[in-house]
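What follows is one structure encoded as structure tokens, with my remarks underneath.
Order of writing sets the chain letters: A, B and C. Residues in each chain are counted from 1.
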């Protein structure tokens, strides 16, 4: 089976500071990969590169057999793809953000419908049906006509997840989706993510919820200073960490 | 465009322009000083317990803010004498500009007062100050520092409004610019220089006021 | 009747300056927000120059200077041009402020569902910016109505000059200046109330 996501030799700098120093990562259909590591280790940047929200200088990302973000011209020069093409490739990935980023001037269902109508060119009625279906899946059907300002953080995050997944992406990216939530709202969002994992959605997630990562992941990747420091099954990573660095990190995390 | 730039006539008249600029600054400073007093009274009026006071102060503020300043200037200079209030050009202009500034500053002070924590007044009462002393010793000084940035902006737009003094032949910068324009026909040069003087003056004033704000700001 | 014609001109001047100035100002604001560094620099100079110059000087400059460089405009047109430039500098500043106040996350979320820059701007940024701009924009419109009186000095017979002409015939300066002031008050009052009504309608729950 050919992999759905192949990251090879990925380098990324912010000015002088190199945040990703050569990342290689492969994911198969249905994989759930958790990225863990202390802040500044580059996990979020890696996620954002996959969604082309960040440029990267070296290496490549292949999504469903297609190189994304850049192409090589006749002279072998690396060039950024035109914006329209980048936009199309982005819609093959779905992203849920730490801060939800719902559009405040649209109701929940409109938030979900926007991408369907504008990028998938779906007729309005069909988009409404699809959106309603996904809102139901995340348990937000009853609130579909509410504006983000009228919803709790957990509810907003569930709508945001519905918005991303309604686009029918090849892979879902979750960027610390529970970090901005009050503790009592974390569970409802994690339940939604867990359901998606169980149903076989391919997912790459950055998380600080170690217990959750251990439960849902097929693979856990520990990043440190822009490199993959250790990777393995949840049991290997959490049960028998090999490197001292990972042992130290886990000792300082709540499990 | 075949136009020979010639700034000679401007340089020959720099003294006039400087005088005009000086007069404009003087008018703005006097007016904002008087305007602050009017504005304070009006602000307290708007927040008063008495309906009549609120009504009078509110009416003054919204009437002045919604009337073009040129109409006010002409009214004070040409119409007020009919009521027996005859002022010379400069006094009349200062009168108008002060009333005008007062209305804008009243709004600034009002929101400044509303934003003050309630505890200030209560703390004053607790140490036995009278309402009046609380206002003069605590409320107004604290509020004043908080609204300094808006005060600066108001001063700059007031300074620009002094250009309208030319409408009743008060010899400010704009007045002299028009005079030089008409007498010399160096049209482009005149207006280039005149507007540059205003722009630079505004920059300098803004810079000075920002420094002043920093010095007066309550340390946090 | 003279005064009614004057009022008509005042409204015409104000409406055309606000409409043209807003269109120009939106581009100014866009250039300030998304432009290259050199473009932002030029636009910054444009805004600072227009905001540092008194409107009255701007009107006189447009009126006198343009005829010298061979652009023949009527006093009316020169005045509208000056007010348009003035309006555009204000609107430009407002638009820039509103756009930069929208969280970066909004753009990223729009991108992540595959919207292009244009789509992001039209469906996500603009609707939010407009709501934020409205109160200040209404304020700018009333400023323009008030500034339109300055056109009387270059001989445009708008409401104020029409009033002055009536006063020259009747010597009733007190009555007619009060009347003119009242009409301006009314105009601005209507604009403000209309603005508030729209604001209430489009506010986000």
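Heads up, the rule we're going with is that contacts are C-beta pairs under 8 Å (C-beta built on N, C-alpha and C of every residue); 3 or more make two chains touch, one makes a residue touch a chain.
Quick caveat: nothing in here was measured; it's all calculated off a predicted structure.
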Determine which two chains are connected by the greatest number of contacting C-beta pairs. B-C
Central chain (distance from its CA mean to the mean of all protein CA atoms): C
Which one of the chains is farthest from chain A, going by Cα centres? B
Based only on mean CA positions, could you tell me how far chain A sits from chain C in angstrom? 45
Roughly how far is chain A from chain B, going centre to centre by Cα mean, in whole Å? 55
Distance between the CA centroids of chain B and chain C (whole Å) is 22
Quick check: what residues of chain A touch more than one other chain, meaning two or more? none
Chain C contacts chain B in the complex at 48-49, 51-58, 60-61, 64-65, 67-70, 142, 145-150, 152-153, 160, 164, 167, 173-174, 177-178, 180-181, 184-185, 188-189, 192
Can you tell me which positions in chain A touch chain C when the two form their complex? 51-53, 83-84, 87-88, 90-91, 93-95, 97, 99, 101-105, 114-115, 118-119, 146-147, 149-150, 160, 163-164, 167
Sort out for me which residues of chain C touch chain A in the complex. 103, 105-106, 108-117, 119, 123-124, 127-128, 131, 204-205
Given the complex with chain C, which residues does chain B contribute to the contact? 1, 3, 62-63, 66-72, 74-75, 78-80, 82-83, 160-161, 163-164, 166-167, 174, 177-178, 181, 187-188, 190-191, 194-195, 198-203
